[in-house]
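Worksheet: the structure to be examined is printed underneath.
So that you can tell them apart, the chains are marked A, B, C and D in the order they are listed, and the count of residues begins at 1 in each.
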Amino acid sequence: MRVAVVGASGYTGLELVRILLRHPIFELVAVTSEQRAGQPVGDAFPALRGQLDLSFERADPTTLAPKVDLAFTALPHVASAPMVRALRAAGVPVADLSADFRLRSLDTYRTWYGEHPAPELLETAVYGIPELHREALRAAGLVAVAGCYPTSALLPLVPFLRAGLLEPGSVVIDAKSGVSGAGRKLEAGYLFSELDENCMAYKVGEHRHAPEIEQEASAAAGTEVCVTFVPHLIPVTRGIATSVFARPRRPLATADARAVLAEAYAQERFVRVLPAGATPNLASVRGTNFCDVAAFSDERTQTLVLLSTLDNLVKGASGQAVQCANLMRGLPEELGLLEVAMLP
Amino acid sequence: MRVAVVGASGYTGLELVRILLRHPIFELVAVTSEQRAGQPVGDAFPALRGQLDLSFERADPTTLAPKVDLAFTALPHVASAPMVRALRAAGVPVADLSADFRLRSLDTYRTWYGEHPAPELLETAVYGIPELHREALRAAGLVAVAGCYPTSALLPLVPFLRAGLLEPGSVVIDAKSGVSGAGRKLEAGYLFSELDENCMAYKVGEHRHAPEIEQEASAAAGTEVCVTFVPHLIPVTRGIATSVFARPRRPLATADARAVLAEAYAQERFVRVLPAGATPNLASVRGTNFCDVAAFSDERTQTLVLLSTLDNLVKGASGQAVQCANLMRGLPEELGLLEVAMLP
Amino acid sequence: MRVAVVGASGYTGLELVRILLRHPIFELVAVTSEQRAGQPVGDAFPALRGQLDLSFERADPTTLAPKVDLAFTALPHVASAPMVRALRAAGVPVADLSADFRLRSLDTYRTWYGEHPAPELLETAVYGIPELHREALRAAGLVAVAGCYPTSALLPLVPFLRAGLLEPGSVVIDAKSGVSGAGRKLEAGYLFSELDENCMAYKVGEHRHAPEIEQEASAAAGTEVCVTFVPHLIPVTRGIATSVFARPRRPLATADARAVLAEAYAQERFVRVLPAGATPNLASVRGTNFCDVAAFSDERTQTLVLLSTLDNLVKGASGQAVQCANLMRGLPEELGLLEVAMLP
Amino acid sequence: MRVAVVGASGYTGLELVRILLRHPIFELVAVTSEQRAGQPVGDAFPALRGQLDLSFERADPTTLAPKVDLAFTALPHVASAPMVRALRAAGVPVADLSADFRLRSLDTYRTWYGEHPAPELLETAVYGIPELHREALRAAGLVAVAGCYPTSALLPLVPFLRAGLLEPGSVVIDAKSGVSGAGRKLEAGYLFSELDENCMAYKVGEHRHAPEIEQEASAAAGTEVCVTFVPHLIPVTRGIATSVFARPRRPLATADARAVLAEAYAQERFVRVLPAGATPNLASVRGTNFCDVAAFSDERTQTLVLLSTLDNLVKGASGQAVQCANLMRGLPEELGLLEVAMLP
């Protein structure tokens, strides 16, 4: 089954390449990059020398469409939507990693990203977290692969919201992200010398992933859920460690909280509910499609503490995209995604 | 004014040495270490070659007492109390960096650390955060220098508690600490290969600093305050970045929240209230005695977000100890403590 | 084909597990660890949860031998030899990752490691760098998988020595290694706080890998080659970057030097000779079995500069062991070893 | 004594500010930055909040000259020379941190940097390593503060060259530098995600510091010395660890080699010759003006191994500039420079 990666020279694009190269069914037949068009992939990225025999090409939907059975689009928001529209018009199923089709409300999109370039497609897009929307994904022609922070917050949180166990106004999310989440953006703040041995919160209460979390949290709760979202940068390349705090509607013991997760994810391959007492860490999920989760309850303060870790470029982006694409094409969901984390 | 550092070969002990070497009044006359007794300091720690001309000696209160005007004790908890007792009995003022004299309740101490080795001294000990207890510190003979996490949480939090602005049961603390907080402990989890590129929560709801935070928060609020405390390790050597979340009793705008901090710390040299919109980072406080703080209010969810950063070995330990000792000896509080952070 | 990893809880043992789990022919049927015997692997190492269904067992050659077609031994030197002897006596082919069978001279072994525990096996052991000893490895019953530093130095150096291009007394090796090379050793020097932002040479002229390099270099040159070997620790977990300096016997242009490597490794899958001007880096080989090499000639000073990078736990240990084992069992050499490096 | 830092917002400029703020005689009265002119320093760099009360101004020699007794210029090469010319014309002593006045040969300058903007000043400039050129520095009006790599290589090497102990064509330098050496340059290669866990050689045989090393090495040897120079980037922010390899003219024992260094630097405050067997590390010199050095001799291969570490922004730039300026103004050389390294 032939696939293309549109926007393959960014961090999520390259991660797609890495995953697709070991995928047993998807065959990577085209990679695009405006900047590097014409360049063999191995020349541009020495790590890929000897691993694939493709050159970057310009992203042209007309030439791409006939030669692929599915496309992954990993372009920046706003730039992605027109490309997606063209590919969909040509009948190509698309897993889109940008933010363009994640928000169901055009108003919310406008607030955070500006005018929507392809509003007519919003209705057809399915939000891409397979553990939460599996059936819809099987039938989807366009998947809006979920953001990294939202995935890390929603996976531990949704089972509690669905069960109506939480006060909807009480959700606080403190997330710590590796630097690759910013992509290859050339800003002084992302230089090694500025970030090593450093850590800081940023965009307190004004990060673009907050409305995405609220949309899905509200859908799960069946009522409006607002969240306080405080993202941090930590000096690691890959990984997000998220703490979610919320007030249960009625007293909840740690064992019961853990049972909620254990039951919700009993059949899931990629969400690992840790044993009682254990806390998730980044090293165990780095390079993998796993999301490790744990639940604790502080009964004195009636606070539920949910912890999760994932690799922002895999389960938070490209791995999840392939997981969605497997579903879209009727393949076993875990194909190409069972890599083992490096230790150490 | 002659001072000694008892337990000078650990991380907080060495940091005391570093600070005292540039202190204009305190003269470092003795450093102790059981393991390294007899060894010139510069032989044991090459970084100190050519910087001081002392050898480690065994910690003997009888020989130490006559030659110092103040002692810093930087021993592990339980080990510290007997040494403090002997020095106090000999009339030596002591700034103690262990946890032995921080908790006012013997029961609480017993729960977390075991039987108290010198309970009779508890009454006389003053909790060592100068910004919160300055007057008492001026008169103190024994100071229990505050822990690193408690300092990072209490400095932003106490002004709000004192003003009665918060629901006492609503305080959640998510703290990210550098690895030096664990000292030179030989456990596999602290090896470079295990921690680099890693991050994890630990001791959720069961960290020894929680009761210390609750004691001081309750005193500030005038009512019992319980906190949910979730500490994390991040791959930096020095620094703690703390987020405190709480529910205000009545709606609070970000500007008002910031004003609470600005007013409380207007005269303080070591607590910097950041300009509106700015968030504290570790790099700006590393190696210094500063604690940078900021406040944000998420009015939609009625959540107050307080952020702080400090260097766990300086404002979280040895710098704060010197700040306390300056007060104990009637010196200007900032002596020896105005180091500028390295950029980058 | 059933295989076991003896000593599977150390860093090289775990890396073997990681590689073997995706190997299409080798089936991992037993993992041993004295300390963790009885523990499910996923309990001991959360990263492996959901990835394999084995528990650690004690290393007992009698029970192991009947159930495996090949064993990887990843025990410390001196401890390894008796285990290898027992397995070989039971007819099990062994790829040994320790230093016990790498040195052909008992005297040299004695100098560096003490009395040899199984000297009778030395004759039969084949030194395990497939690019240098492929044919012998196909017939081997016992392979002494090469050390990490030796592999990184010998791969770029040997083609020049074989061609008689270098002054034998002129070889200088400056190597920079990640910290995982020390294993999970509990020494203060390997703590995160001691190594982060740090770098140092160590064991100048007295590292155990020097005689191993000299043995193989001399064999390649057909004359005795002594090397000056200066290893360094750098603050990365995985990877070795090595610079080799040597004096050519006659003037050598950079293009000619590069051609020597290009010709030597034209057919090799795992040694990548970089394009002219490019220098190898660690990121491109991390997690992979590749060794990237480059050659430069400083004609003014008549100095040849050879550069290489590899992952010390893969091409420098466990990946190379699997490569050797593939040869021993008559399988395609690259099976299980074509992982793509993570970018970034 | 009033001083200015011209180009104060780059890494070496900020480091000058940090050092000058604790200097007992130099008073920092002006800091310039074209980009940040008008901005209070503490607003631009939060780490400096509460530490100084200056705003950045544009660099105007006419207004600067009357108000300072000495200027530090920390501008990029080529940009620096015209500013230095103007300040010198107005009679201001200048310590210049750029490369503009380090090379004595206009031809060499042209080869590496282009046409020289102020060739008439070359004759008057003194190369700024106090341990090598102290007397000339006392009389200098213009000091060309030495580069970071040259300082790290020359300090261990020059005593051997002066004594005529080395083959002049045999010098090889393998240096490992922290990333701050590149300044705040916005290139993808300096992003955190690209450099963390990475390491690579770069500009093999074509780094601009090579001719600077050769100039000073030749002067010390009294004959032309060519060096093979291979710089590396390692994932630390500050610090250079350098290994120098050379062939002695006659056999040299390690003890004799160490004695050469010990004798040369017996009276030096900032060059620490380590005890026999010890190797220098970055942590011991970080943030300080020290250069730690050690010598080893591999008698089998007749190779001398010299090791050094220093902080590229202090002894490799701004600390050395202040050391030079102290000499220029007749002050004790170590004023403001005795900071103790942070441990850890």
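Simple rule for what comes next: a residue touches a chain if its C-beta (ideal position, glycine included) is under 8 Å from a C-beta of that chain, and two chains touch if they have at least 3 such contacts.
What you are looking at is a predicted structure, and each value in this text was computed from that prediction instead of being measured.
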| item | value |
| --- | --- |
| Copies chain B and chain A - interface residue numbers shared by over half, same or different | same |
| Higher-contact pair (C-beta pairs counted), A-C versus C-D | C-D |
| Most widely separated chain from chain C, with each centre as the mean of CA atoms | B |
| Chain centre separation in whole Å, for chain C relative to chain B (CA means) | 46 |
| Distance from chain D to chain C - Cα centre to Cα centre, in angstrom | 38 |
| Chain centre separation (chain A, chain C; CA means) in Å | 36 |
| Where chain D touches two or more other chains, by residue | 11, 178, 180, 193-194, 196-197, 235-238, 280-281, 283, 344 |
| Chain A-touching residues of chain B, taken from the complex the two chains share | 169-172, 174, 176, 178, 193-194, 196-202, 204-205, 226-228, 230, 232, 234-239, 241, 243, 245, 279-283, 286, 296, 298, 300-303, 305, 307, 309, 344 |
| Residues of chain C that touch chain B when the two form their complex | 11, 178-180, 182, 184, 186-188, 190-197, 235-237 |
| Chain A to chain C touching residues, read off their complex | 11, 14-15, 17-18, 21-22, 43, 45-51, 180, 196-197, 237-238, 269, 272, 274-275, 278, 280-281, 283-285, 287-288, 290, 292, 313, 338-344 |
